Amino acid sequence: MDYQQILENIYQEILPYAKEGKQADYIPELAKVNPDQFGMCIHTIYGETASIEQADTRFSIQSISKVFALAMCLSIKGDELWKRVGKEPSGTAFNSLIQLEVEKGVPRNPFINAGALVMTDILLSHLENPEEDFLNFVRAVSNNQTINYNRNVATSERENGYLNAAIVNLLKYHGSIKNDIEDVLHFYFLMCSIEMSCRELSLAFLAFANHRRKFDYEGIRLTSSQVKRMNAIMQTCGFYDEAGEFAYLVGLPGKSGVGGGIVAIHPLLYSVAVWSPRLNSKGNSVMGIKALELLTTETKESIF
Amino acid sequence: MDYQQILENIYQEILPYAKEGKQADYIPELAKVNPDQFGMCIHTIYGETASIEQADTRFSIQSISKVFALAMCLSIKGDELWKRVGKEPSGTAFNSLIQLEVEKGVPRNPFINAGALVMTDILLSHLENPEEDFLNFVRAVSNNQTINYNRNVATSERENGYLNAAIVNLLKYHGSIKNDIEDVLHFYFLMCSIEMSCRELSLAFLAFANHRRKFDYEGIRLTSSQVKRMNAIMQTCGFYDEAGEFAYLVGLPGKSGVGGGIVAIHPLLYSVAVWSPRLNSKGNSVMGIKALELLTTETKESIF
Amino acid sequence: MDYQQILENIYQEILPYAKEGKQADYIPELAKVNPDQFGMCIHTIYGETASIEQADTRFSIQSISKVFALAMCLSIKGDELWKRVGKEPSGTAFNSLIQLEVEKGVPRNPFINAGALVMTDILLSHLENPEEDFLNFVRAVSNNQTINYNRNVATSERENGYLNAAIVNLLKYHGSIKNDIEDVLHFYFLMCSIEMSCRELSLAFLAFANHRRKFDYEGIRLTSSQVKRMNAIMQTCGFYDEAGEFAYLVGLPGKSGVGGGIVAIHPLLYSVAVWSPRLNSKGNSVMGIKALELLTTETKESIF
Amino acid sequence: MDYQQILENIYQEILPYAKEGKQADYIPELAKVNPDQFGMCIHTIYGETASIEQADTRFSIQSISKVFALAMCLSIKGDELWKRVGKEPSGTAFNSLIQLEVEKGVPRNPFINAGALVMTDILLSHLENPEEDFLNFVRAVSNNQTINYNRNVATSERENGYLNAAIVNLLKYHGSIKNDIEDVLHFYFLMCSIEMSCRELSLAFLAFANHRRKFDYEGIRLTSSQVKRMNAIMQTCGFYDEAGEFAYLVGLPGKSGVGGGIVAIHPLLYSVAVWSPRLNSKGNSVMGIKALELLTTETKESIF
């Protein structure tokens, strides 16, 4: 399949959506990004690659970092992890704190903020040097030593992070957080602040696409079955309140971030990353979702 | 792959779970079924088949009928359908009526009862002879003219169906139901009362597994893309509050029923049906889920 | 105190609000009422009375009938009643069905619809001729044999009563209703359909204002303490989601109805009824609430 | 009326309840209090007084301080206050954070924690020396310069105050808090830490019981109408999820605290304070509520 041609066709088709949506502006650092950018990159498990436009521009991966955190937690805790966090889709965004109240501090899944905060707490408890160890893992799985945190973004997020502070306090009230609240929030926002390009993200996620390859990076090891199960969670929980819509339109497991990035995988075939800062009302990149829908339509290759 | 051998191995492995769980007993007709039964049948798209134990015993398919209803609605209304029902997972069971209140009468997805009641309303409005037409479609897709409703079960369900009556009245209050409430409830319970065996269900669902085959039964036509999208909905919404768990453990799209049946498909590979009346606390067959988990483990063939 | 003068002053002051709000129009019978009407009548326990405008025009008392139902239930069941219905304010209107789900079929208080439906069920179980007995009680406490149901209104309500039908089905599902659902709905709407004038309502509620007088009407007996406790419930639960606002502005126990009537009492002093069909967004009469606020301001006699 | 005799009779009657309930122990300072204590004191507006047992032992007034905060806020902001906080009862305890989410950061009433935190924010914005000014007001209204904060209790509360921290962060997220979060929490817990005896509380609340007396303490002025309205709020919102029950059993406006204190008033008649550390499941003093129920029964003087 000529992926380069397919990506170029897709780009032509999504151009009409270039001005739709609104970039995240709840912190100054994200509001500064030029919203009129788009990048896309694909890597197959056979070593092919294709990319278009700003595929090499780095952006804030934000919630995509939760996939890396889940890989570490699953490697460290195994199925014990599921005692502290569920794996069910979260229903409406509206429910975030309600569900925590009703479910007594056990977040629905690892990709809602509450779940990611519990994972952050686990990493703080189990890693010797959490900040270094997390970054080293991401660099290893990406095979790229230049990837880094953006501490300005992290600081800016913390300063405005009242909702996450509310969630972590509620979790602490329910006994679901072992570490100091400020430490958890600091590390959480730091992980979210990692910056990567579409090319880098796509390459990193090959590790999840190809579950026949050994997953072992800086001591973080997952079995083939564990990698497949992570993909299952990306499928059912990767897009907040739009997980069903994304499965319906695109049919691939994936994860989005409020910086406008989306990464998706077709198991045993390819991984793909797309980025454009303008978001729809659910917080997912408008052009990004459209591009992925077209990709599976043109290649006729959803997992269903 | 020797599916017959795999199924026999699975049966040995799940025997220890034979007494776990409790069959549905909210209506006398379901309570009468001998709970200590188990059947399983698989059909590949290449014409292979394998089965074990009571694979030919018919049981009440209950909510599995919602997949047939969705196929009809999608064929009749196309994407217009999604104006009346969503396609997002439903969060906790606890939320059923709450979500209807909050979301003003638009059910989260077609597989929760509220969504199925809206589909029932659509079928009543668009089919000339709803009861006959629905049955004829199921018979056609199953290639089996002996399949039928069990009117005793349907009547018994209606007599005790206060929760569904509450839901349909709330939907009517929000203007989401066009037909008479009693007509909707009657037809809804009738569709749920259809009886099929594992062999029959498995064969019928080949139509969803093989989306390259033309889908056209009694005038109900779906494109390849529509079939894939139905599979996506089975993946994210097919198991109530256990959709995430099922995706994690089994990794296949499917649908369960309170009668103890589960049907699942591996796109472009096979469809499989399993039945055992004892249910876990989420309303899904204990042995059924265990058997499907082992199937994807032994064949190493989840979709992820 | 010259109540006649006070009422006339009040009328002048509330005239500017005469066109504010919107009458109930969810059933044709209520929509037919001329919205530009106003009546008010007061009776003191010393035998004084005063009235203005359409104080003798009858209107649909609707939810005010729940006070009569509570008096009967309390007389019949005593404190056993509180096992089937609570006595706490209901929080937001938004919560109606949610609270029933969370609290497993025990309504928050007797004045929300769910609570009144449970009281209706109790009356059906305990009265020999429920329709006659209820009417006879209302006639006796009002000392007026001409008071009657309006069966057209009741029928019209039932035909459109989907929300109440949803609630009663949910209650039945939780085991909170013993009688047939249709019988409960029929009798519930019938009680709501009683028609009385401000003069008649005001006179009837003297029985609650003067708890030193013996309460014994057609065999319905309440102790002084029970009457006081009914007043407490009117105070905390009589105005749906506006109970706090009413206590704050008016400071009297009372009960409103969607027909535009409000009745309030000042224990050991007076009872007062006011009526005007235009309602505010919470379903309470705009001019009615304003008139009662002025009454307690001008007489300087709230209970606080 | 011989109040001394009445109090002594009450004490004999409530002795059987002396071991019921459990004192608050969520912070060490409260757990240290001997739970087997009881005190009660009444002051009439005519200068009579009566007291029994530990009526002069000081205890942590906790949420009773919210009444003082409301008096200050109402004096400072007038009816503008109600733009930032509602005055409706709060429904179930279960709803605390849910209601904030649904109602976008406007707390239901000033006596739930969220409402009190908003009042704290208002006081921080408007008082020159918030800590001194608040204490001076409480001392003035109590006519007692020895009343003071217990800073150990306040510190201990802050250290364990995750739920309140969650609430204030959620409020801040919704824009409902202007000041620094830590400042709000610090001052909030400090106000709650004030220690007073039954005799002192009872005397202080005469200012609310006797709304014909001028209310002017350290520049905090309320009209007679404002005092009455504060009483209305105590009636409908003073006992969390037990406001209806308290109105039903006792029939007086009042406010309880988790330290085991309850203060209530009979407008234009008396104020009464009672204290005993053992609480029922709703967080109100077991012996305290029982004593007040008997008081209104024996004096036949509920406000209804």
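When the chains are written out, they are named A, B, C and D in that same order, and each has its own residue count from 1.
Definition applied: a contact is a pair of C-beta atoms (placed from the backbone, for glycine too) under 8 Å apart; a residue touches a chain by one contact, two chains touch by 3 or more.
Keep in mind that what you see is a predicted model, and the values were worked out from it rather than measured.
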Longest centre-to-centre distance from subunit B, chain (CA-based): D
Distance from the mean Cα position of subunit D to that of subunit C, given in whole angstrom: 32
For subunit B paired with subunit C, centre-to-centre distance based on mean C-alpha positions, whole Å: 47
Where subunit D touches two or more other chains at once, by residue number: 94
Pairs of chains found to touch, sorted by chain label: A-B, A-D, B-C, C-D
List of subunit C residues in touch with subunit D within their complex: 86-92, 94-95, 99, 102-103, 108-109, 211, 224-225, 228-229, 231-233, 235-237, 241-245, 247-249, 251, 253, 267, 297, 300, 302-304
Complex interface listing, subunit C residues touching subunit B: 94, 96-98, 101, 162-163, 165-167, 169-170, 172-173, 181
